[in-house]
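Written out below as structure tokens is the structure these notes cover.
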Amino acid sequence: MDVFHLLWLVPAFPLAGFLILALFGLRLHSRAIAWIGTGSIGLSAILTLWIGVHFLTQPPANYQYSLTLWTWFDINGFAPGIALYLDPLSLVYIFVITFVSFFIHLYSTAFMRSNEGYVRFFAYMNLFVFSMLVLVLANNLLLLYLGWEGVGLCSFLLIGFWYRDEVNGYAARKAFIVTRIGDTAFIIGLFLLVKQFHTLNIQDILQQAPVVWSAGATAVVWVTILLLGGAVGKSAQLPLQTWLPDAMAGPTPVSALIHAATMVTAGVYLIARTHVLYSLAPAVQLLVAIIGLLTLLIAGFSALAQHDLKRILAYSTISQIGYMFLALGVGAWTAAIFHFMIHAFFKALLFLAAGAVIMAMEEEHDIFKMGGLRKKMPVTFWTFLVGSGALAAIPLITAGFYSKDLILFDAFASTQGSFWLWLGGFVGAFITVLYTFRMVFVTFYGEQKKPITHNPEEEKAMMIPLVVLAVLSVIGGWIELPHAWAHFTPFSDFLTHVLPPTNLKPDMESQEFMLQLLTAVIVFAGIYLSWLAYVKKPALSASWKNTSLGRACHDFFYKGWMFDQLYDKLFVKPVVWISRIDPHDFIDYIYEGFGRLNVLIHAGFSRTQSGYVRWYLLCIAIGILFIFSLILFV
Amino acid sequence: MISVPVSVQLLLPSVLFLIGLLGVLIRRNVIFMLMAMEIMLNAAGLVFIIGSSLWKQADGQVMVIFILAMAAAEVAVGLALILQVFQMHKTVDVDQLQELKDERERG
Amino acid sequence: MSDSFVHDIHLWPLLLYSALVLLTAVGMLLLSHFLGQRHEEPATDETYESGIPVTGSARLLFPIHFYIVAMFFVVFDLEAVFIVAWAISLRQVGWAGYAGVLIFIFILVAVLIYEWRQGALDFGPNSKKILKAYYRRIQQKRKSS
Amino acid sequence: MWHQHLLPALFPQIILAAASVLCLLLIAWKRNHAVVHLFTLLSLILALASLGKIYDATAVDGLFVIDGLGVFVEGVILIAVFFITIFSYPYFFQSQIEKEEYYVLLLLATLGATSMVISNHFVSFFLSLEILSVSLYTLIAYPKKMSASVEAGVKYLILAAVSSAVLVFGLGLIYVQTGQMSLAELGKLATGGIGANIWMIVGLGLVIAGLGFKLALVPFHLWTPDVYAGAPAPTSAFVATISKGSVFVFLWRLFSSVGTMSHAVQLIFVVIAIASMLIGNWLALLQQNLKRLLAYSSIANLGYLIVAFVASGETGLHAAMFFLVAYFICMLGAFGIISFLSEPAESGQQERLSLSSYTGLFWQKPGLAVLLALIMLSLAGIPLTAGFIGKFYVLLSGVYSTQWLLVIVLILSSVIGLFYYLRVVIQLFSRPETPVSYPASPYAVSTGLAFLVLFILLIWFGVAPGHLMDQISQMVHMIKG
């Protein structure tokens, strides 16, 4: 039997898990809940592995496989189908989603144990995984949009998971509203596409687009900008990045799964999936690169100044997705997807390890109140170190090196790349090293400032995912070795069946080694610098912080370049101001008036239901007269 | 003898029908309402009689028989219900049947 | 009925007769109104002017059985119309019509059986039921005492 | 006129008629609720099975027409009655009154409804309508100790009898003008032009009013909430679904035989549809009584159905049939839940009417709450439910026939509708301050199974409506004369 026919089961397992948990969850034992919640993802992961092996050994024609489950309905030719689409791009995505999700679920079984709402958590998580799988497997825009909104909804629900605290509810609303701005652009873009091509099928649209549109046509520029709007919102890129740090209000596994590994990279997926359109609009593609570059720098500096462990990681996520956007912008499609995969491994690992640390510290998030955890939590420390190494891109031994280096090289050497793009990325890489090792040293070295009451290292379910993800963060890079040596590139070869290969300027490969060397130097320099500042001579960083310039910089970066304050001034304050000077706003009158009007009409008609039979009869008689008059006078 | 035009023939059932309708609308006693309904139904029967004499068919008369039978059934059920109402409310005034209606608005 | 048949009948005697009837009735009422004497005694508006005072209202509650029987009568009476209609067209409708009317009568019989079993046709006090209730009561008394 | 070959086509009606007489005799012989209930279910299955034999028969007789449309709706009606019968058993189980006759009346009402959908003649239509109506009077007032039920029965009787009289009077006028009572013959005349005779117009107007009353269309809708609220819940389900569906089919037959709708008649229906959609939804807006809310919702839904009727044509008919099926499922489920949650009282069943008594149903009976929420979402037309597809189909039929006004009003009124449907859903899931207790209902197995089937159908027809659509487009064709 053809394995690909079973593709529908991949999203079906999480859906089934969600349904079981939602319907019968309240009656289930917590152990059963954990089994169902994790098991459903596990089954999908195994199935994905099986399908993946098949895909590699016996690939379908043209490396693409479309499974039409059914046509939703067919009324006079309008027939949206429920169809899944598997190609190397979606295969990579479902592989990452199912496996990383599985380990995060496993971790959560222990992490969330003492929480009320255990069922609710796993139900939402399963629903999220289902939506995310639908998003990446969708064959048409309708289904893709369904998944897109589904993940947004789950993100909202999970950020506000501890809904009793008002701050969490605020963070959830903020995430929802900010991404909604992007979603609005996104859906308008989809409408434009449907209007132009009269089909919802993504592949049909991509095939027809180069025929219908010439490069740089106004329509394609608009469509790509609008789609980019959606991507920027979901992936927390400039200027819609402000929601992600606040989204850390959710439980840590949620941050690991949704706000690091999977959902926030949906924007990357969207642009990669519609790369044909972006190739037709070079100006917009350049915009993607610039957005990526600015985001990675701004977020990197912000991460430098944070105290909250999870917020550091959040800014770091924004920054790393900035690298992916940079790669997309310079036409290094495969490099972006490669970095997505590696990033999913090490960032999930970092979040999970951070979760363990926070758990040990009794919900303490401030890294300056931790310290000295290296000895007490060896597994956490070593895995966190591996993740940090990958994030900082320590040469040769970590996967992050291979993926980030590829992006830096492509930013320099690709036909769309330039020295300035490379330089920005290079500076970003240095900052990355600084904040990463600042985090490592402050958290794990120095004196222990707080006793550990309950050491999560005893929880096997929490430690196994850490170890597995750490291993992946190391060996994951070996499937794509640089041009300079070995030139072993199975990953991008696999992806070139769907994504175009990166076009390099001539005679660039020789310079790669130089660039790598430079990167290696700054990485080690960065590590040394942060070791100096936070372990060897802590006074150094403290004295700098005490200068007025230092404090100003710190505050500025700490508040995320004041974007929140800026938006507050730009959008929120004026609106609040207007609402204050004009509490009975005229626009309000329209909406409220509409509501009132309806209520009024309701009350009016409700009076006619007086219970008097003879009144009812009179109405019938009037109705008959009315009919007569219509016939006679029209 | 002059043959009466159809429109004039139809006047009688129409007037009967209106009398019945007015009766239903004006009377509050359910029994009188039932009687008024009978008048309306019989007016309809009369229309069919006129039709069957006009077109010289028996079909209309068959319909009248059915109308009569059904009217009897309706009245039988109706009277039984009225009896029940009378036992509960000690009145046969329809306007007293006020248990079922839209509640007044809250604020 | 042929048209000629209708045309042969003269309508005017009927109209004259109706007019006479109307005239007589109205005349009698008017005459008594103008010629009759009028008086206002205490017993004038009583039901019985002879002086026997009325006790209670004339609107009595009838036992429900009268009513039920009346209803049965109306309904079953109307069913007879269908049988008459069949009888008139006996030859035209043939055996099929015969089968039809048999089914019709069978349904009527079935309903009759149902009503019988329901006790709808029992008239007056049911001696068996009363006796039963009486015995039950006696037994209860014996048990309690 | 003895058409032997037509006899099998009437088997469902014959079976139902025979079953009701036998049921009466059964009761006369021995009263037993369970036996009578099973007997009713059995005869419904038998009628349904006999329907399979005439699956693709097409035949016309003077009185009846057997075509795809008729057979399809007959099937839907029989299945719906099957559900109602299942819901009736636990509902009446603890009742003190004699409950066996309820099933006889149910069978008779079904007989009326099923023969109405194949009626092709004024006589057969009138007879089926009256069989249906007279049974309904008693079905509504069946709990004779409950003052609300009796009141609803009396109200329905007065109004329905008047509307019947109006209807028959109109039919009579049409007969006087045309000399025809058969729809087929009327259709032949119509091609030659009926003419704008004043009596004919009055007749048509009266017929529209009479049918409008049965369908609870504005301005003939005022009886609906009172009757729904007073009647026992299974009967309410019957009134909401079967009596409306069958009358709708006759409406379709009548006006498609009278010919392409004249401008004025079309205008009447456009106005009625708009008024029903808007006023139905408005009336439901702040309604606190669930049964009344459903009644108003049904007024609005029938308005949607009239949009498909105005659109006419094959697409309109198919859309109407799909919509009808989705609507049937929703109403059956909702009233089924109400009857299931009612509590025995001295004088009958105490029904759970006020919305506030459903607060937090989810936390006690999650299955029921999810079904009810799904029904509300389906009625509101949320995607992935049968109601969405039905409404969308109707919308498309309106678009294809370029009835833009109707399309716009349909969308606008759906927005109003969304408000109160979601209000119910929120109520179901919010935590009550003081937990409401729900009775442990006997015989939950068969009822639960019925609910499960409705749940599956609701999802199935929403997610993969292709099967039902194919079935409809294969079966539902009208033969005229």
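When the chains are written out, they are named A, B, C and D in that same order, and each has its own residue count from 1.
Here is the rule we go by: a residue touches a chain if its C-beta (ideal position, glycine included) is under 8 Å from a C-beta of that chain, and two chains touch if they have at least 3 such contacts.
In this text the structure is predicted, and so the values were computed from the model without any measurement.
Core chain by CA centroid proximity to the global CA centroid: D.
The pair with more inter-chain C-beta contacts, choosing from B-D and B-C, is B-D. Averaging C-alpha coordinates per chain places the centre of chain B 25 Å away from that of chain D. Averaging Cα coordinates per chain places chain B and chain C 19 Å apart. Averaging C-alpha coordinates per chain places the centre of chain A 49 Å away from that of chain D. Separating the CA-averaged centres of chain C and chain D is a span of 38 Å. Of all residues in chain C, none touches 2 or more other chains. Within chain D, contacts with two or more other chains are made by residues 154-155, 158, 162, 166, 225-226, 283, 286. Among the residues of chain B, those touching two or more other chains are numbered 21, 24, 62, 73, 94, 97, 99-102, 105.
Pairwise, the chains that touch each other are A-B, A-D, B-C, B-D, C-D. Interface residues of chain C facing chain B in the complex, by the touch rule stated above, are 6-7, 9, 11, 64, 67, 71, 74-75, 78-79, 81-82, 85. Those residues of chain A whose C-beta lies close enough to touch chain D in the complex are 23-24, 26, 70-76, 78, 82, 598-599, 601-603, 605-606, 608-609, 611, 613, 615-617, 619-620, 622-624, 626-628, 630-632, 634. On the chain D side of its complex with chain C, the touching residues are 2, 21, 24-25, 27-29.
By the touch criterion stated above, chain B contacts chain D in their complex at residues 6-7, 10, 13, 17, 20-21, 24, 30, 33-34, 37, 40-41, 43-45, 47-48, 50-51, 54-55, 57, 59-60, 62-63, 66-67, 70, 73-74, 77-78, 81-82, 84-85, 88-89, 94, 97, 99-103, 105. On the chain D side of its complex with chain B, the touching residues are 122-123, 126-127, 130, 133-134, 137-138, 141, 144, 147-148, 150-155, 157-158, 161-162, 164-166, 168-169, 171-173, 175-176, 179, 181, 199, 225-226, 229-230, 283, 286-289, 292.
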